Structure formats: structure tokens, C-alpha cells
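Note that the chains take the letters A, B, C, D and E in the order they are written out, and that residue 1 is the start of every chain.
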């Protein structure tokens, strides 16, 4: 099926889902599964269409490998998450609108990734923004939607400016031509680069635009948070990729000042990425809401992705493109598990939960696998991509980025472990003794995602081959693969072998364990209590202020959120000032202003 | 000493003081009727005796009375006042002072547990504090026989030969 | 047919015994201790551990929790309240486990023999492998006791834990008689 | 990679176990002498481990067991990557980052198992251990980063080979003394020795993560600890002390470094957890940054 | 062939009739506007002389493309709004008929003084309409300022007449080309102020708050779409076709427009009442349109006027209706109001989206075009202002929409129980009307070629080179 039909079909599917939900909302939820899965299959089968061009109305499209790759990630996340939709229909105020917007935003992203001209790009970008904006308030916060829209629209308006500026200068909207023109004009390239990438930065949640992520991710409907974090955030990565890869940034900036071998323009953005990593990590560590925690982890991972993409080299760029896939599925899986917990217990507060493993072992396992990937521990996918990024940084000697990367990497152990320990492990509260686990419909996507996480961790070449194609398409050396091994300039990673050795170690360990005396099974409350008798499981559970000593070190940190809120308030005050100065109940004020303006005009005019 | 005398005079002028003794420097023991305790304590608290250092009981079994002792302390002049009152041993009921000194909570539970004195108005005072699952007579009463209790509850070791000759005497 | 079964059972029993012997060697030479210092006697432990007497030369060392420990050292008097905690701790230990009663109080109540609150005889409630008499015993006596315990383990005599398993009803009845209930609920768990 | 590699790796694993456990035992003796005690026999550590393995145990659910197995398995897998002098079971897999992160599998397994016991002491201990890790790993990684930039390799054997070319003056500890110092301090943190052992703190949080372990679980954790120590000390030997041209040379270096760290540990008190973090971010991290900047910007010390 | 004067005459005639036929006022009004609509399609472009004197001496009506398209839209909206709020017309039929005549007159006339006359007629009807809310102080303010504005306009006109000796638009336009523009500063500016009062340009618009802020579901949309649209069209005609503006004044006036845009949007951001938000948004939009006209970008300006008046008609109808029913239009009190009125809510949303300029809606087309136009003038600061305004506009509209659609407390899932306790029953006529209008916005957004084909000619009439983004099926860029 050619992709123009695919995009149209997805839009039609959105309307279809709306109609189905009208009669039966749960059937509508299931229809989102069917439609997104069909789209996924069609997209995956259509890999051979790379290079095709087509148009819908006045919008032009071109199928590229990068677009195909991004679309695949996006539809995968959407389709997996859609399995959960039907369970939340009852809680939604507008189930049919939810289903509609859900598929509509998906179709929008696919259109965005295949756009051949900048206006089409912008059209789909905005469509995704407004359609997703209206899903967010169905959750826990109205403010989140407004903040989400505000930050997004700052980015998209900047991008629109850049698009128009570029058009005014180069005379074309076609992406490849317009960007190619910039290579000749470094000043304009710098301006366009910074303004254009702003949309990407806001969407990835790079400092100082990160504030919408915890708000929107944390309070969107539980079924939409995985999509926000796993999917929509990646749109920003796409824009960043376009600004560095398609816009020949390194070529255009070849004459500019270099810091540690990097053009200053790119280095500045990398610093922002590094700040995001550190900040996301620190904030994630102190969150009490599991969803906000994963949202901040998305900020940190966004920093990795941005740094990697900005490098635009053989290793880091490949790592970054792979990381966005790994992060997409891992964070979607993590959000889904939290959704299961929220579905059963009604809360996502870490301090109110505990011992869920005894009621939902599958969910726990999925969470475990996803956080291992998020933290970048072998043999999961997240490790391979982080390894590539760090090897790339080491190759260039970008010390400060590496510092942030290490901090984010080790720090991620801290924050991913917190829900593990406090939500899934530890004491189970008596009120949750009878809790049920995930249903089959919920288990399917979670298991598929975990399987993918492991599969691409062990055999990363299947994804790196595609990335290699992308790299060659923009003229950088593709990543080198030898069988399962990744051959970097300064290191070698054969994750299949690592996996085998890990399995071998595990088997030895298991053998030791099995050969020894059998253990006696005891209850959770039969633990060392300094010989005190404790009968209340809830109180015997460590979940508040998990990293209190560490959090104390930065509890008085400055916050950019206050600064942004202040700016917003300034506009508000400006409005009030306008209101007070010009709009009173007395006409004399207006007469006064007419006099003043007339006088100014007259005096000014007299001088000419 | 002057200040202590003035306090005594002050108290005597205001309340029915049964007896005043001075056990030590900076200490005085004041006996009052059990109905006056709360007014005296309230007054003492207002003039600076803000700390309830101790509250305890004594079993005067021959006089068939319990004595309750309140030791209050003034941080400004360093004087301890021991306020003492007697209760009927047959009907040991006393009104709680937790309204005046909230910290008396645990003392009242202690005294209730060990002497069986009841504190009206303090439902918490009926709860166990030190003794878990105690079901005998309160153990600090003089007519309680701890040895018999111990022999009943905690079986003794039977020695085949007497290691210590006097052991029988002690018992 | 019948014989084979008997034979395999016998060989299995033999193997088990051999393994137990080997294991007993390890157990004797590596005794980790959890001490339960209820009243007095805690002061005697530091000299036993440090350079003067150095119990590490016997392969002994202190441990933080009963789960990790092999021997429970109970020093000083035991009130009814602490006895409950001792039993709880003892039951949390892993087999094989040993108990040393330390000082007169655990032996016969010591000077608190007539108290309404302290028990008089520890082996009534948990199996005691070894008592150290005295009020208080000197570190020499403690080291001596450890030597004895090591010898007992090597000989397979320190089977108190087995005794507790086999005669649990008796011990439990004693516990119930004296304490009514072991796992009490105190006011903080209402 | 074929079956022979695995068998070979298993052999090296056994060697590592014997080596590290013996050295631990000897070190207990050394410390005892330092404190004017007689100390245990040199094979006391073996006795302790086997005794723990021989005892009965309790389990708090499948994650409690699985975590221990995963932890030991992960650490053993890591140990298999480590070359011992010239011996290397799995050539090409001794990438520093792989080792550093596979090591984390073990840590995660243990942390998971500990929290799975339901004991809050364990969770507190894990939280401290992880915070500690965030403190000591970053200076170490920064130094390693500089070295990778300098040598364009990230394999342990590669580092060792480069250093062996220059004799004793080729050792990175000589060439990059600041980095070496940082690495040694970080090693102290990695080994969980004083002053960075607040996550064990037996008197304070009842040995933290290990609070619920007894019997075979505890024995396996002891095994894990030996392997972990082996991996961590080996990292330093390979990266900063030129590895070993022969097994003997390697073992001698290994033993000396471990003993040195142990002695240092025994004359120091314990940091609180936030003090440890502040210390690591103030001194070692600054030194590490200086060292790496020197390498990257000036190339000072690079052969 | 019809004479466009009928468009003015028929409403006036019916207005007299309606005084006699008291009970059929609203029917007559509908009849009048419907007849007008039919007449419009029979019109032929050209110049029509009234009273026999040839211009520049006589009064003439000019029906060019610009006038045609504006008359079509204004009359159409007038009809739709009256249909929607039929119940509110009641006694206002006469006034509305007169105002229709005035509006048509303003759009058609080719004479500056005649324009003044129609402006006065329209203003008087507007004063009366504004008093429907019974807030007489605001009507009085409006009256004072409106009169002042007309007075200044007349003053400017007098100066022009004394200079050129003519009031005919075409004539003045011709003579302006050779005149010293700096000498024309004062009359031009006075005319600007006179029109600015009606077109709601800061700082001459003190009356707007009281009048718009209390308008009901009939008056609100009428003011915000028919009146505002007419004023802006007239402004465009006067300042693009008739008067030449010196560069100094042009920059100043553009700045005034830009400031109006930003200040209006900022003021809307700080408001919580629905109608206040809308009125400040209208002010901002007027500023934008004025800036565009003065920059010479007629085509984008016309697009933007359409965008504004269509959207505002929808939004003011619904906002006014809410206020009519509940007595308040505080967004907080009305949260979840769309829960029971999904179609109306949807139309409101579409209108808001179009106004913000989100793709798939008509507003995006006009936004792209106006940006394209401004960039083609090598003006790089005005787009920044416009986009900043767009961001602010988006924020407050999204905030409002989120509140009206999804009631709820922070930290709690949005459920029906938080929804407003007021019941709002939007009549079928209104629903059909707003859905019709918003459907136009969507269709024009998806297929902007339709709009473009109808509009380019009128754009080219006033301004020779107006760039436009070719939204065609061919995809030519």
C-alpha cells in the first residue's frame, strides 16, 4: 500500500474510531488497536517505498528512511499503548473524542515524518500538537494541557518564523533545497538553525523547556502518558535531526568558533542537552509520583538523544537514533506498568504503594526489563545505545557532555530503582491483598514490548542496519557492523556474546543455588525487626524520601519553572496594565489618550 | 530559703495546706487534700513550675492509703516542689492532671498499671505501658507477693545438690 | 526390590552424615554471633573481641542480624517482655543455631529470682547449648565457653536446635505458660 | 566464541575465586596484626563461605531468590570478561563500559532481592548504596573517559598492552598521577570500604541490604562480594598498573593493591552518605576533570 | 442588473414599514437581510452614480471586487446572526434594518463624506444596540467616544476638502499621488483616529470593554463580526486606496497596530470572563489587520478579517448565549459547559482554532499568507510580534477551551461532577448557525483554493502585488 493511502487511511481510521466509539466506547478502544496495528504492519511492509514521492491536496511528501524509522517507532508505541485504551473508556469524559484524537495525532506524526516541504511539516506538527493537547486535560490536570500547549506553541511558532524566514531568503519551501541553500550562508544558517530547532527542543523537553513533561506526562490519562513519553517527544528528535542532518549544520558552521572541536552553535545546544540530563536525573530522583518520575527520566533521556544527534557522527548519532527507539519502547513499557498499577489501585504515588509484585508478577517483570533498559544495563537495548553515545563522546573528547552522560547514567539507577523498590517490592498493604493483576489485553503489549527490548538488546544489528542506511543517506559514515558485533573506532561491542556470557554466569549461579539446601518460605512480615513485634505492613515499608540524604544536598536548587511562570505573569500584568490604562469607565481617559497620541504625531511630524 | 518560704506563705495563703516539709535545699514537699491538687498544680504552673519532673505512687498499706506524688520544677529559680496527696486505698480514684500537664499521660498509665489507681478523664490510662498481658494484682502494691508469682509463672531450676548452703535461708 | 530401596536410603543417610560431618567442621570454625544484651554483660564483649582476647582467632565474629548468625548469646537477666523478643529472634535464626546463656540470670534468675517480671530459667523456653555461670563472667570464661562450644559442634553434640524442632510443643507450652502469648501487639500497632 | 571459551572462562572464574578469597583471608590476618590481634587463619574466608552455604535458609518469595541468582550470575559473568595477566577467556569483550555496566546487573539483582525481602533496613541500605555509587562512579568514569580519548581503546587488555610497552614508567598511575589518585579513591568507594561503607553500617542499619540473608543466600552474597572485589581491583590493575605480563606479576600487583586499600580502610572512620557525595563531587571529581582536561586539551602524559 | 443602492434602500424602506407593522419587526428584518442576500448575487461590478451628478461632484457607489466580497460576507453574517438570535430581535428590528443600511452604505460608498453619513447612521444604531444590555453608562461612553471619533473624522475631512476641493475617493486618491504627504499628516491622522475609534485600535477604544463585555447573543456577534468587519473593510479602503500615508506616519501607525495586537492579546490573557477574553482578542485582531493594511498587504488583511469575523460571530454567539442563560460568563463558573452542548462546543473550538491559526482550519491559511506577505516586504520584526501574539492567543483560548470542555480540579480526573451547575440550552437555530459558520472555517481550511480564487481579484484591485501562498491541488510552491 502506498503511503499516501496509508496516511489517508489513518485519518479515516480516526473518524471510524470516533463513529464506533459513539455506539460503544469499549469497541472504540479496541478499534484503535486494530487500526494502529494495521498501520504498523502496512508501514513495516512498505520499507521498499523509500524514495517515493506523493502529494495529498497541497501537501507534498517524500518517503525517507529516517521518516520510515521514526514512523515505525511512533506507530509501534501507539499501537502497543492502544491495547490499554478500552480499559479507560469508562473514566474518560469523552471516550469517543479520545479515540479520535488518539488516532488523529498518530496520523499527524506519520504525515510529519514524511513531509517533503516545510509547510507540510508545520501543518502536521501543529495538528499533532492540538490533537494531543486535548487529550491531556482528560487526565488529572487542566493546567498541564495549557502548559503543554504553551511550550509547544513557543517552539512551533519559532519554527514557523524560521520556515518563513528561510522561504523569504531561499525562495523555496522544499526541505532539501531550502536547507541546502543554507550551507552557503553561515549567518542565516545560524539564525535558522537556532530558531528552527526550538520546536525540537520544546518537544524533547530540553532545559529550559522541560517543565511541560512532568506536568503533562504526570497528569495525562494513564493511557496517553506512554504515548507522550515514548512517542510524541520523539517528534522533537526528528526536528533536531533535520536541523543538524538535513540542514548541513557542520558544513555551514565550519568557519565558526570551535569549542572542544565542536562549532559553538552546536556546542551550546549540547550544553543544554547536558543540563537536561543532569536536571532530569536530579528531579526524577526526588519525585514521589511514579509517572512524574518517568517523565523526568524522559527529560534526561531527551538530553542523551539531543547530544547524540547533534554530534552527527558515526557512533553517537547512531547511538542516539537507536536510543530514541529504545527509550520509546522502554519508557512506554514503564508507563504501561504504572498504568496497570493505577488501574488496580487508583494511585501512582510511590509512597502509597508497595509489594505489588505479589499481586502482579508479570507487570513487575515488564517494569524490571524496561528499567534495566532505561538505566542502560546490558543485555537490554538501552545499553547498546548509551554505549554508542558514550564511545562517540570519548572519541571526540567532549568531557563535559560525558560528565553529564555518566551522571545521568548512574543517576538513572537511582530513580528507576525507586518505584521498583517502593511500588513493586517491599511490604504489601493488607488492603491490596485481594488485588488483581493485569488482564490479558494489558499483558499482550507489555510482553511484546519487553520482548522487543531484550531482542534489540541482544541483536542490535537489526536496528543499526536501518540506522546505517539513514547515516549514509545524509553522507556520514554508517555504523560498522560485523555480524552481531558493533565495531567502533575505540571499542567493540558484541552484545550477543555478552548475553551468552551473562546467561552462562546465570546458569552457574542457578546451579549453585539449586544444589544447596532448599529454603523455607516465610512471609514478608517475618523479617528482622530488631526483635520488635510489628503487625502493620504499611508502616514497615520504606518508600517516603527514598534518597533523603542525597535530596537534602540540592533541596534549595533554583528552578527555571519559577522563571518561566514569572514571564507568563509578566504578560498577565501587561494585560492588566493595558486594561487599567486604556479601558476605564470614563470616556475622558480615552479622550486623554487621543490627545496624547495626536500630540506625539504632530510633534514627530513637525520635525520632518 | 527566703524564696521558698515566700512560696510556702503564698501557698498557705491561697490554699489549704496540710503540711510542708523541706527534704533538701531547693526542695519542699507539700501535702494537700486530693481535691485541692488540681488547683494547686494549676497555680504552680502559672507561677513558673512548668515542668512535671515526675509523678509517682506510694502504697501506705498500714494506713490503707495510696499516696500520689507530683514533682514539679521551676527552671527560673531551680526549686522542686513535691506535691503529695493521699487517696483511699479501697477506692483509689483520682482525676487526671493531663489537662494541666499533658506529659502526665505516661505517668498516669504507669501508676495505673503498677498501683491500680484510676485516673478519671484519661481513657488512655487504662492501657498497658510496661507490663504486657498482665492479669494479676498490680505488682507494686505491698500485698502482692512477687515470689509466689514468680514461682507460679516461671518454673525454677531444680538443683540436685545445694551449691550454696544459704540458698534456703534467702528463700 | 525392597532391599534396594533400603540400601539407597541407607547410602543416602550415610552421605548425609558425611556431609554433615564436613559441614560441622566449617560450622565449628566459623561461628557468627548475635548477642542479645538485655541488661548487663554487654561490657564483657568488647575485650573478648579486641586485641586482648581476639575471638576472631577462633573464626568468630559479631553479626548484625539473627538471620546471619549461628549463635545467640544472651547476656544478663531476661524480663518477660524481653523473653518474647529473644524467642522471636531465636526463631528467625537459620539452622543449625546455637544458644549460649551468659551469666547467672539466664541460668536461675540470679539476684532477680523472686521478681515478678524476670524469668528464672532460659532453657525452659529455648534450648540452651551452653551456660556461662557468673555475675558477670570474665572474658576468659567467655573464651573458654567458645572453645567448648567449638568442641561440642565438632563432636556433633550441640544439637539444641534439633531439640527445639523435635520438642517444639514442650517449649511452646512453657512459653505460653509464662508469657501467654509470644507475638504480642503493643499499642503502636492498634 | 565457542564452548572452549566458556570452559576456559569457568576455569578463570575458579582461579579468581581462589585468588580473591585467599587474599581476603590473608588481609584479615594483616588487619588483625595491625590491631595487635592474632587474627584468623588465612583460609578463614573459605570456611566462612562454605559454612554459610551449608546452612539452611529462608526465602521471602521468588524475587528474593531470583535477585540473588541474578546478582551472582551477573557478577560472575563480569568476572569472566576480566583478563588475568595474559590469560583472557573471552577476547574482545573486555570493554570497560561493558564491564562497568554488567557489574550493575549484579548490583541491581542484589538491590532487588534485598528490597524484595520486605525489610526496610534493606531498602535504606540499597538507597545508600546507590547514592554512594552515584558519588564514586562519576569521577572514575571521567578519568577513564580521558584515558579512552588518549589511547583510542576501551579494552582492558588494550590498556595493559599499551602500558607494558613503557615499563614501569609507562604505567598510567605514573603518567596520570591525578587520575590514578582519583581512581584509587573511587576504588575505595567501589569496594565499599571505609570511609564509604555507610550502606553496610552493621550497628546502624543492621548491615543494610544483607539484613535478611542467611544460609545459602548469604553464602552466595559472599561469593558475589569476592567476585565483585576481583572485578573492581582488576580494573585498577589493568588500567593504572599495567596489568600483568605474567600471571604472577598480575597476582602480586593485585594483592598489593588490595592490601593497601584494606589498610587505608582500617585507619579511617566512616562518612555519612551525604558527606561521601559532597566529598566525591568536591575533590576527586575536580581532580578527575583537571586530569581529563589535561589529556584532552594538552595531551600531557599521553605516549 | 441591479443597482447596489437597493442594498441600502430596501432596508431603509423596510425600517419605515416596521414602524407601522409593529408586530412583524423581526420578520421584516429577516426579509430585509434575505432580500439583500439575493440581491447581492444579482449585482454587477461597476460604478453607480446617485442623484445624477457625476463624481467628483456627485455621490457615487463603487462596487468593485473588494466591495462585493465585503458586502457578501457582511450581509451573510448579518443574516445568519439574525437567524441565530431570532428571539432576541424583538423590538430591535427597526434599528437593525437601519444599521444594515448603514453598513452596506459604508461598504459601497465612493465618497468620503457620504461615508461619514453612513458611519453616523451605523454608529447611532450601534449606540442603541449597546443599550440593550441596560448598562447605560457604557452606552453613554460609547456615544461620547463615537461622536468624538466622528467629529475628528469630519475635521480631517474638512482639511482634505480644503486642500483638494473634493471628497470623492477616486479623485482624492488621484490627487494624493502628487501631494506633499507630510502636509497631509494631520488630516490623515485625524481620519485614522476617527476610524480607529470604531475599529477598536488602542488607545482610542475605551468604550469596547463595556459594550462588548455585556453584549448578548445577538448584539455581541453583530458588533464583533458585522460591525467590526465593516469598519476594518472601510479602514482598508480608506487607507489603502484613498489616502497615501507618509512613511513616518505609516511606521507609527503600524507600530500602533502592533502594540494594539500585543496589548489586546496580553489583556485577554489576564481575563477570565469569556466575553472579555473575546473582546480583547478582537482588539488584538483589529490591530493586526490595521498593521497589515498599512503595510499594503490587502489580500492577507482581507483573509484575516474573514477569519476574525467568522470566528468571532460563532464565539460571541455562544459566549453571549451562556451569559444570557446563566447571568455570568466567568469561565470558572461555566467549566464543563460544553459537556451538554457538544456541537456548539465543537463550533466554538473550531472558531478558536481558526483564530489561533492552527492547520486544517481557515485561520492557518490566512496566517501563512500574512506571514508570507510581511516577509516579502523584508519586514522581520512584525512577524515576531504577530507570532508572539499568536502564542498568547493560543494560550488563553486553549485555557478557556480546556476549562469549558473538561471540568475538574487540579490533581483529579476530569469528571462530570465538576461541571457547571448552570444549565445552558442552546437552541437549534443557534447550533445550526454556529455549525454552519464553523463548517465554512473547516472547509475553507482544508480547501483554501476556493477562497483564494474568489479573493485574489479583489486583492489585486487594491494592491497590485499581493503575494499569496498557492494552496492548490498541484502543490506548486
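Just so we're on the same page, a residue touches a chain if its C-beta (ideal position, glycine included) is under 8 Å from a C-beta of that chain, and two chains touch if they have at least 3 such contacts.
Just so you know, these numbers come straight off a predicted model, no measurement behind them.
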Subject >> Graph separation of subunit B and subunit E (steps between touching chains) >> reply: 3
Original post:
Among the remaining chains, which ones contact both subunit B and subunit C?
Top reply: none
Subject >> Per Cα centroids, the chain farthest from subunit E >> reply: C
Original post:
For the chain pairs A-E and A-C, which is connected through the larger number of C-beta pairs in contact?
Top reply: A-E
Original post:
In terms of CA centres, which chain lies closest to the overall middle?
Top reply: A
**OP:** Give, as an integer number of Å, the spacing between the C-alpha centres of subunit E and subunit A.
**Re:** 42
Original post:
CA centre of subunit A versus CA centre of subunit D: separation in Å?
Top reply: 35
Original post:
If you average the CA atoms of subunit A and of subunit B, how many Å lie between those two points?
Top reply: 68
**OP:** For subunit D, write out the residues touching at least two other chains, lowest number first.
**Re:** 54-58, 206, 211-212, 215
Subject >> Multi-partner residues of subunit A (each touching 2 or more other chains) >> reply: 526, 528
Subject >> Sites on subunit B at which at least two other chains make contact >> reply: none
**OP:** Chain pairs that touch, all of them, please.
**Re:** A-C, A-D, A-E, B-C, C-D
**OP:** Name, in rising order, each residue of subunit D that touches subunit C in their complex.
**Re:** 28, 32, 35-41, 44, 47-48, 50-51, 54-58, 202-203, 206-207, 210-215, 218
**OP:** Over in the complex, which subunit E residues touch subunit A? Could you list them?
**Re:** 137-138, 140-141, 144-145, 148, 152, 182, 185-186, 189-190, 193, 202-210, 246, 248-249, 252, 256, 262-271, 280, 339, 353, 358-360, 364, 368, 371-372, 375-376, 378, 380, 383-384, 387-388, 390-392, 394-395, 398-399, 401-403, 405-406, 408, 410-416, 446-449, 469-475, 477
Original post:
For subunit B, which residues count as touching subunit C in their complex?
Top reply: 127-128, 130-133, 136, 139, 144, 146-147, 149-150, 153-157, 171
Original post:
In the complex formed with subunit A, which residues of subunit C make contact?
Top reply: 36, 65-67, 84-86, 88-89, 92, 183-186, 189
**OP:** Please name which positions on subunit A make contact with subunit D in the complex.
**Re:** 260, 355, 357-358, 361, 364, 368, 372, 375-378, 383, 387, 390-391, 393-395, 397, 399, 402-403, 406-407, 410-411, 413-414, 417, 420-422, 425-427, 485, 489-494, 497-498, 500-502, 504-510, 512-513, 516-517, 519-528, 530, 537, 540-543, 546-547, 549-550, 552-553
